[in-house]
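Each remark here refers to the structure printed beneath this line.
The first chain written gets the first letter, and so on, giving A, B, C and D; residue counts start at 1 in each chain.
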Amino acid sequence: MTLSPDAAGWQRRTLLKAFAGGLAGLSLFEASMLLPAYAADAAQWPAEAFKQKSEADALKIFYGKSAEASDKVNLDAPEIAENGAVVPIAVASTLPNVTSIALLVLENPFTLAAAYKIPEGTQPAVANRLKMAKTTKVVAVVESNGKLYTATKEVKVTVGGCGG
Amino acid sequence: MLRKLLLVGALALGAAHSALAADKVDPKAEFKAFRDYFVGRFPKVPLDDFVNGPYSMDAGLRKQWKAIEEFPPYDFAVDKGKEMFAKPFANGKTYGDCFPDKGVGIRQNYPYFDAKSGQVITLELALNQCREANGEKPLDYVKDDMAALTAYMAFTSRGKRFDIKISDDPRALAAYRKGEEYFYTRRGQLNFSCASCHVQSAGNHIRTEVLAPALGIMAAMPIYRSEWGSMGTISRRLVTCNSQVRAAPLKPQDELYRDVEYFLTYMGNGLPVSGPGARP
Amino acid sequence: MRFALSLGLAALAAGLTFSALAAPADDFKAAYAKAEAASKQAVALKTQWTTTVATLKSAQAAASAGKYDDAMALAKEAQALAEASIAQAKQQATAWQDAVIR
Amino acid sequence: MASTIRVRAVAGADTTEVQSLIQHPMDSGFVKDSAGQLIPPHHIEVVQFEHGGKTVFTALWGPAVSKDPYLKFSFKGAKKGDDLKVSWVDNKGASDSLVAKIQ
């Protein structure tokens, strides 16, 4: 967002904030009423996969198979990270029947950074922000029709995301 | 004894020097020269864009910033500040009661020179003065609650243009001059001044960081820095600037810090408030 | 210095009595006091360096650990740092004006 | 206290774009505190988004996701005024949830 000479943008944002504020008041009540029905289930967290230290092992444990590079996986990552603590990363794909997207940061202590389940009706695209300890290859993995496809990009990091 | 003599001598020297300098202070001319310098050096940067600091100078950084601004991490601070503003003190008064327009949309007028107390009043100082006047304990100046309050106040002032006044009061001129002196004085073992980084080296890279230009540098405050993983106030920024050049920082809101804020914000007059900001 | 050293050696030969150790401790104290005085002056001039503070601290720590050679060297370094910072402030008292954008 | 969850969900012609920001330290387990002690890992493990009784998006996160994590995705089949339910749980068992109205 730039500055507010763009009055419409400003107004939209202010409204959004007011809206978010209103919701915040509701949330506790709503939470106590509805929590059991839709609480995120920790049991589905793949602990073993998040412990792996290489691309091959992470893919093997998480998916049980290996992957091939594809130009239908689009990985948007900065060439030079402004700060390794917060690196915006986006993945999108034109592949059919995508069921999941995973992000691997190869030089991090643990390779698998995040994984997303994409049910039918949800677009095969996600944006998030990741930590990177040092200059590293980032691999986006897209699961399409049961097969894995990847795109890889190097991100230069000189201010690491794992320092003090 | 010798030490005392040296000290007195040095202080006298300093005093004589600023008195001498104060005679020829011309803030208006200096303001014009300051702005012309940056506009001349970065002809492709639109004037109002200087308030976006390093992001006005580097396309790669700007793209990451835009992504972060889609849902900026300072949102939490703005909301917290808003809540704090709404919540009365024990005596029933609120922060709003201490400020013109209930504290909404006034960031661009700070800091100002207060003729009554003869000193520069920054927004951070005014907030703690407000608390103390209402029987509350002052807040830590560098982060958390103070950052939340100033984030909210800046947010309600976005787009308003800075309008810092240096009156003809010789004390205001002296404060301006002291701030200017602080800005240009080299210090710390690295022998850097504020200007070494933010004037002479503005736009250059230190590792992957791009040094922000001094023009408009106060407009984005307070900031969420990824490096800190949290919000920081102007006080925090000045303290870290000092320690980065290995100079022992002054106390937050030390008179000199307030003077340098006065000088620098005046140099950015006419530029829009962009705070709270997100920075690497 | 050489005198202190030979005294130290003599003490070593004599089997390291407590009073023999007092000499390096006193030397250190004197050196530290000088460094501290310079450091205080730097603070008063608002020109203190963080490295001066850190070096003074290391000097104290070395002395507490009985490493007087290290402690002496650190105290002297701290004094040199403090004096350099004061010299910097004096030089900058007028030099800053050359940097002003005009 | 305000919720730890911020959501903006905007219905477009075909899909609804969802952006969220969650207040969480996301400690990696590799960073030391000021006393030199390692800060133990503390991170969100699962974030779930539901619409119309169906999970539309699930995030599985390790400690390499940034502090105050951000997400953006889009899904089909929602309209303005619908509820979007968001919930998270972290490795210490803490959790939060929120119902947002799609705009």
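The working rule: a contact is a pair of C-beta atoms (placed from the backbone, for glycine too) under 8 Å apart; a residue touches a chain by one contact, two chains touch by 3 or more.
Because the structure is predicted, anything quoted here is derived from the model rather than measured.
Taking B-D and A-B together, the pair of chains sharing more C-beta contacts is A-B. Rounded to whole angstrom units, the spacing between the C-alpha centres of subunit A and subunit C is 53.
Here the spacing of subunit B and subunit D, counted between their Cα centres, is 34 Å. Between the CA-based centres of subunit A and subunit B the separation comes to 35 Å, rounded to the whole angstrom.
Residue positions 2, 6, 8, 67, 70, 72 of subunit D are each in touch with at least two other chains. The multi-chain contact residues of subunit A, meaning those touching 2 or more other chains, are 20-21, 24, 85-87, 90, 127, 129. Judged by the touch criterion defined above, the protein chains form a pattern that is neither an open path, a ring nor a star, and not fully connected either.
Contact residues on subunit D toward subunit B in their complex (touch as defined above): 2, 6, 8, 19-21, 23, 67-68, 70, 72.
Interface residues of subunit B facing subunit C in the complex, by the touch rule stated above, are 3, 6-7, 10, 13-14, 17, 21, 30, 33-34, 37, 180-181, 184-189, 191, 193, 195, 199-200, 243, 246-248, 250, 256.
Residues of subunit B that touch subunit D in their complex: 68, 70-71, 73, 75-76, 79-80, 83, 229.
Considering their complex, residues 37, 40-41, 43-53, 81, 84-86, 88-90, 92-97, 99-102 of subunit C touch subunit B. Listing the residues of subunit B that touch subunit A in their complex gives 48, 51-52, 54, 60-61, 63-70, 72-73, 75, 78-79, 82, 158-159, 207-209, 226-227, 229, 272, 274, 280.
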